[in-house]
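Next, two complexes with chain A in common: one pairs it with chain B, the other with chain C.
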Partner chain A sequence: MLAADGTPLKASLGRALRRQKIRALALIAPLLLFVLLTFVVPIVSMLFRSVENQIVSGTLPGTVVALESWDAGSGGIPSEDVFQNLFFDMFNAAEAKEHTKLGTRLNYENTGLASMFRTSGRSMDDVGEVFQDAIEDVDDQFEDGAFWFAMMNGAGGEDLLRERLERWVDLTGDDMRGDVGFVPSAEIVELLPTTAAAYTDFAIWTAIEDEDVVAEEDPWEAVYAALVVDLENPATGTAIAAYEGEGAEALQAIAAAEMPKADFTAAFADLDEDWANTDVWKTIEVYSSAYTTGYFLNSVDRELTPDGVELRPDNERLYIKLFGRTMWMSMIITLSCIILGYPVAWLLANLPMKSANVLMILVLLPFWTSLLVRTSAWKVLLQQQGVINELLVWLGFVDDANRLILMNNSTGTIIAMTHILLPFMILPLYSVMKTINPTYLRAAKSLGATNITAFRRVYFPQSVPGIGAGSILVFILAIGYYITPEIVGGTDGVFISNRIAYHISRSLNWGLAAALGTILLVLVLALYWVYDQIVGIDNVKLG
Partner chain B sequence: MSITTPNTPRPDLITFTMPLTALLAAMFGFVGGNMIGQPWYGALIGAIIGAAVAFIVENNLSRRTAVRWGLIGAFAVAGFIFGNLGTAISGAIVGAVLGWAGYWLATGKYRAGVPVYYTAGQTLWHNAFLLICGFIFFFLIAPLFPVMWLSFNAQDFFTFTPEMLNFQAEGYSLKHYRDFLGTDEWMVPLKNSLIIAPIATVISVSLGTLAAVGLSQSHVPGRRAMMAILISPMIVPLIISATGMFFFYAPLGNWLEATLGLSQTFVGFVKVILAHAVLGIPFVIITVTATLVGFDNSLTRAAASMGSAPLPTFFKVQMPLIMPGVISGALFAFITSFDEVVVVLFVGSAQQQTLPWQMFTGLREQISPTILAAATVLVVMSILLLTTVELLRRRSERLRGLSPA
Partner chain C sequence: MADTQRDDAFVEFERVQKSYDGEILVVKDLNLALPKGEFLTMLGPSGSGKTTCLMMLAGFETATHGDIRLNGESINNIPPHKRGIGMVFQNYALFPHMTIAENLSFPLEVRNIGKSDREAKVKRALDMVEMGDFGGRRPAQLSGGQQQRVALARALVFEPELVLMDEPLGALDKQLREKMQFEITDLAHNLGITTVYVTHDQTEALTMSDRVAVFDDGRIQQLAPPDELYEQPQNSFVAQFIGENNTLVGVVTKIEGDTCEVKLDSGEIIDAKPVNVGAVGDRTTVSIRPERVEIDPELGPDAHTLSAEVLEFIYMGDTFRTRLRVAGNSDFIVKTRNRADQRRYARGDTVKIGWLPQDCRALDA
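Take a look at the complex of A and B:
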């Protein structure tokens, strides 16, 4: 069979259908893209943040690598090599003022680490100064930045430069773009690897962050320490003797002189005795991977210890209780909404249209009124000097000295939220009840059912879908409420949302906030799916 | 709904009207007596007064209005003698209720809503049910009134002063409204709200209407999944949306400032507007798709058959018919943005402080009753919006009645 233009009808119909589909998709595409970009992507980025943990490996890159050879089970502290790496990592971190962030992060897992990192970072200069003084005493050319630059600068060390740049990017989160004006010479990299790395770090920071000329600045104390570390290697001594490049004489003089011993293990133990504590090192090792389940474990009151997952100490358990309370109070609120909403919906569905419309306004007015207005209304009503207490005292039912405490506890949250969410129960119930034929009830009664039986066996089962729709809607909205519990909930009546907000804006533990948010999101999406199965999202009605 | 008979025999005074009126009055008496610490004497006196009221009503059935006003007046005067203006008003209310209840019982009107075959118990249940519903409606609406009343407080308190309760003029003032309208502290947030909400509404309405038109066509692949994504901003708790946006929009804003050289304030507004626009989208989608369900597609086909291109057809045929849905979706989107506080708290900075934000900080720290003045203004606004939506709904129903669906 052919269509008017001579093509087979089937192909022609197929083409028309395809065109229709494309047109529909083209209409939807801009919005879908908009929602994906402004809503879905941010939420996915939150999920990512709940497991992200680059801060340890970003701040202490060398230490983390060196720590891999440490056996946590041995009971001993890590080797000198780890402490040496820790010194150079901490020195850079302290220059970039990133060490306190790491301390704050690790403090979530092991209390006391924040102050340890803060004080140690401050003292890194002092640790390196010992070596600087010793070197400068031997040859004062080393006091001069230009001398250092001439010795270190050259060509062929681009690989080292690139590697150190990447470390700075990981450490600071900046893109570190710009001209360093310095390339380590291949010869020096070969001869003094630690010194070359430390000097490159100094050069990058000086040129890009401080925007100074590298040759005009005196190197950091860490560079002198690195030189001493290099010289402790017996092979370096012989290599320096054969070295003929820039500053060869000065280097040979240093190599011949007596230098203080580079013992970073002792230096760190002097700064804070906890550095010699294996538990601290176990914490660092456990959180050195780039992704962690730590935030999620914290969200369910557990923690990742070197011995595996354990329950947190009693006084730090908070979140399971809070999740439980959020669920429990949301259920109470949903139940009160059913109890209060059902009669009203029944009345609205069974009254003549004209009076039902008038009464409907009484339901819709609070629905349309600002949430903050309703919350402030409940604050006015519920507080100790509030309308309800005043009225009860005036009528003599409550003693003036023993006013009811209706606010800043769970009672306040439940009352206010029941009021706020009630329209969300009444509206779906009403739209279901509207479709129930009233003659069924009359038929049941005419066949001899009592009022109660007729309601229980005939009317109620038909209204169950409405109860389901309303309950899920109210429960979903209640479980994520923030404003009302924050204002009338005090400490006993707050929800998990309030804790999330607290971690975002006060404690700044964003990873934990993201993990708590993710758990809440999973709960809500599961309910959303159930709602979609029962009611269908197309059937959501407003007003 | 139900059949009422004009011939229902009037209830008996001694066995019905008098005991019930006395019971009601005894309850009032109990409460009133409780105020002076003598609830049971109060109840007894109340019962006697109630019986007297029933007797008066029974003998003056035809002079209904006069008797009811008389009762209101008498109780108000009695209240004033025993107390102040507050008790006088309470007295007037008690008088009005008693008078109404007396006639309601004595004339048999309490059976007006039920079928004749109902037993006394069923009638009692029916009326009790209405009373319960009345209380629930009261619970829904009443909390808004103390807010409006208190916003005229002359003091800087969140509570009623004795002067207010005694209706003395010095207890009232418009100073909180002057604070609201006259200070930058409130006018700047209001201005910000009035910048953010309309722009966000325009974005969500234009994109949302287009998508709703697309979604309501017959063959859309993956319709359910797309619908689920588009509705999700309404379902996902605001705190989670806010957290996600907080993490995502901050670097986005920095990037905009750094690469395009836009000012921080402007970027801040852009972030908040985008966030609010996406929150308003589900409402637009829901209302517009609901209107499109009743849209008769043969109208567009008719337009096409007469040579109209798709675009003019959309604007001249489809758009006017779905306009009520679009406008009520726009109102929802507007109120969502205008009322939103969690996301703006997280995404915005001090330059984007909106009215709800200002109210929220005020409520948390309890600074001044100016919040209540702002709240009253918002209540009035929501009444206006509700009226608009209601009128639009009626118009939509009327239009739908004309076009065969």
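Take a look at the complex of A and C:
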């Protein structure tokens, strides 16, 4: 089809509607942006956090690579090469004070690792100092930062500099931008690779984080240790003999001298005997990948071991039970809301306007009171010396010695939450019932149905959409509820959200919190889908 | 009245009163009896109590006083579902969550009728209203007329002896309404069921009913067959409510058997038939149908005529409508047939009008 001016009708229509569409879009843009920024972005970042695990490979980059050749099944501890890498990684991490974070992370998987990392990090200087003293005893030029700088600085080592910079970026999370004022010389990089790397690390940190001039600072103990490591390579000795660059004589003197043996395996074992424990290394290996299913496994009471996924020990299982309880109690709360709310909604829909308005205000009253106040009020009512128990004892229904325990258990949570969520059931029910014409009931009765039959066959089926809408609202609100279970739930009545809050604000295990939250989200979506299959979402009416 | 107390009464209202608030009587002393098979229409303006009467008969409202009898038995204390009365509602009240067949099956199910029997009855009822192919549809998928037919079928499917209809055609357009009027009466007479039909549409009432009860102010003003109602209204309300009507107000000056003289407020004297007047000196409203008035009449020498001024002359096709000012009433309508020799008047013409005394009824003031 062509429009009057010969352009295709579709194109013409599109142009005519474009302005309207743009205007409509502009109208919703503020909300769209708001929702994107405050809702979608946090949720996506939370989903991401539940699998993210860069902390191990970021803090111990060399160790993780070296560990790849270790066979966890052998039962032995990793080779000296791994410990050597661990030393340089830990040294850097300790300088940047990042080692404790890794300790905390690994502590979720293997208790005790937090303190091991903390104490080991503190002692890295001591481990390196042995080598520093030995080298400086041979030639005191090595005490001088400027001498070191002159020896290491040069040109051609830009690749190494870039590589070490990236490591620092991964380790600290900073962008590490700025002029280092140092480039390793290509000759030294080839001659003393470990030393060059360690010195570059020192130079980067000194220049960018400490904002000092590299030449004026004395190198870290790790640089001395690196030199010793390099010298232990027999090929290096020959190469040094042929070396003619800056500090050649001093290096040759060191190479000729007797140096303490670089045995990092023993050094770490001295610091903490757990470093010689295979399980510790297994944990590090299992969590060395950048992304992990560990948090999710943890969320369903399982753990990742070198032998695969295993159920956690009995006394550490918690989350499946909590998820089950959250679901079960939310269902009971939804059901109680239906039972209590249906007659009220019916009254609201059928009373004369004036009385219905008063009743409506009573229904809405809780909305105007703070949630915290309402829940605290339940605390006053439900406790063993509270209003309800006092009344029951006074009436003689309950023995004074056997007062009902209505709080700090699931009973308390169910009672308080049913009350708090009741309006969310009543309002959709009411708005649906309001649309059911009373003549339907009359018609049913005129056709011979008793009151009960008329209700069951004619009224109730028409109110089901309201029940559906109310149930979805109440159930989804209940499943993520936090404050009320926290206050009146005790230990038996808490929900999964209380555990999530605990991990967010107390244990700071955000990854686990994110995984639990993700599972909750998926559960809600799955239930929504099931609901759609059974009831049909088209049958849900809010009015 | 003889009409309200009869031996063969199937439905009977005896001295029935109804008040909702204890202060105002919505229905005042209602007496009504109808025999089996009759099609009775309750006609009246809104608020006249006709729907309340229907609801009392159906059992949705209780009578404040008096007795309602069905087949000789008082049903005051029988709940609606045990009365076995079919009912068609104004908005049809078809259950939206059931198909048409399920809607029809409902009254049979609650009566515990077997499945095969049920299906046969549903099919027969649907065929009866020519809706046999629509059993699987939902009410929302039907047009207003189709819903109306289904509602009728549902009220009849359990074979009640009495069917109540509460303005069932109110929501239909004119053409469909006329068609349905015919169908409903036809069906009611063929099945021999007693029908009480409530409407405020007088055409509907006149065309469908065996008898019409005209309601006003909580009372039956007149209970009579349609022709009687139109031609012999018993009081000025009925005369005014049914059909078009001209009224003149005056005082009775002479009563002589079948005729009387009325002196209008404007001073003129006319002849009338005394229907609802007491004695000489009473005020009266005389009522004359527009088609019984003659312009320039050829009447007896002693007949009274009035002079009138033509205000409007309207061409209606088959008739002419002439609006006149007569004795101070500027809304006096005369209908004349469109004959070849009919004179056409112009605004401002002065004419003489007259009528036969028996066509002019002197009613209550």
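Assume the second predicted complex is superposed on the first by the 486 of 543 C-alpha atoms of A that agree within 3 Å, B and C clash if a C-alpha of one lies under 4 Å from a C-alpha of the other, contacts with A are read in each partner's own complex, and residues count from 1 in each chain.
Quick note on the criterion: a contact is a pair of C-beta atoms (placed from the backbone, for glycine too) under 8 Å apart; a residue touches a chain by one contact, two chains touch by 3 or more.
Worth saying up front: this structure is predicted, and the values here are computed from it rather than measured.
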| item | value |
| --- | --- |
| Which of chain B and chain C A:S376 touches, first, second, both or neither | first |
| Contacts of A:G448 with chain B and chain C, given as first, second, both or neither | second |
| Touch count on chain A, higher of chain B and chain C | B |
| Touched partner set for A:F39, first chain B, second chain C, both or neither | first |
| First (chain B), second (chain C), both or neither touched by A:R105 | neither |
| First (chain B), second (chain C), both or neither touched by A:T439 | second |
| Where chain A meets both chain C and chain B, residue numbers | 451 |
| Contact footprint of chain B on chain A as seen in their complex | 17, 20-21, 23-28, 30-32, 34-36, 38-46, 49, 340, 343-344, 347, 350-352, 359, 361-366, 368-381, 383, 385-387, 390, 394-397, 419, 422-423, 451, 476, 479-483, 486-487, 497, 500-501, 504-505, 510, 513-514, 517, 520-521, 524-525, 528, 531-532, 537-538, 540-543 |
| Contact set on chain C toward chain A in their complex | 58-60, 79-82, 84-87, 89-91, 93, 95-97, 106-107, 110-111, 154-155, 158, 164 |
| Chain A partner contacts - residues on chain B that touch it in the complex | 1, 31, 34-37, 39, 122, 125, 129-130, 132-133, 136-137, 139-141, 143-144, 146-147, 150, 158-160, 203, 207-208, 210-211, 213-215, 217-221, 224, 226-233, 235-249, 274-275, 277-278, 281, 283, 286-287, 289-290, 328, 332, 335, 338-339, 341-342, 345-346, 356, 359-360, 363-364, 371-372, 375, 378-379, 382-383, 385-386, 389-390, 393 |
| Footprint of chain C on chain A - complex, ascending | 437, 439-440, 442-451, 453-454, 457-458, 461-462 |
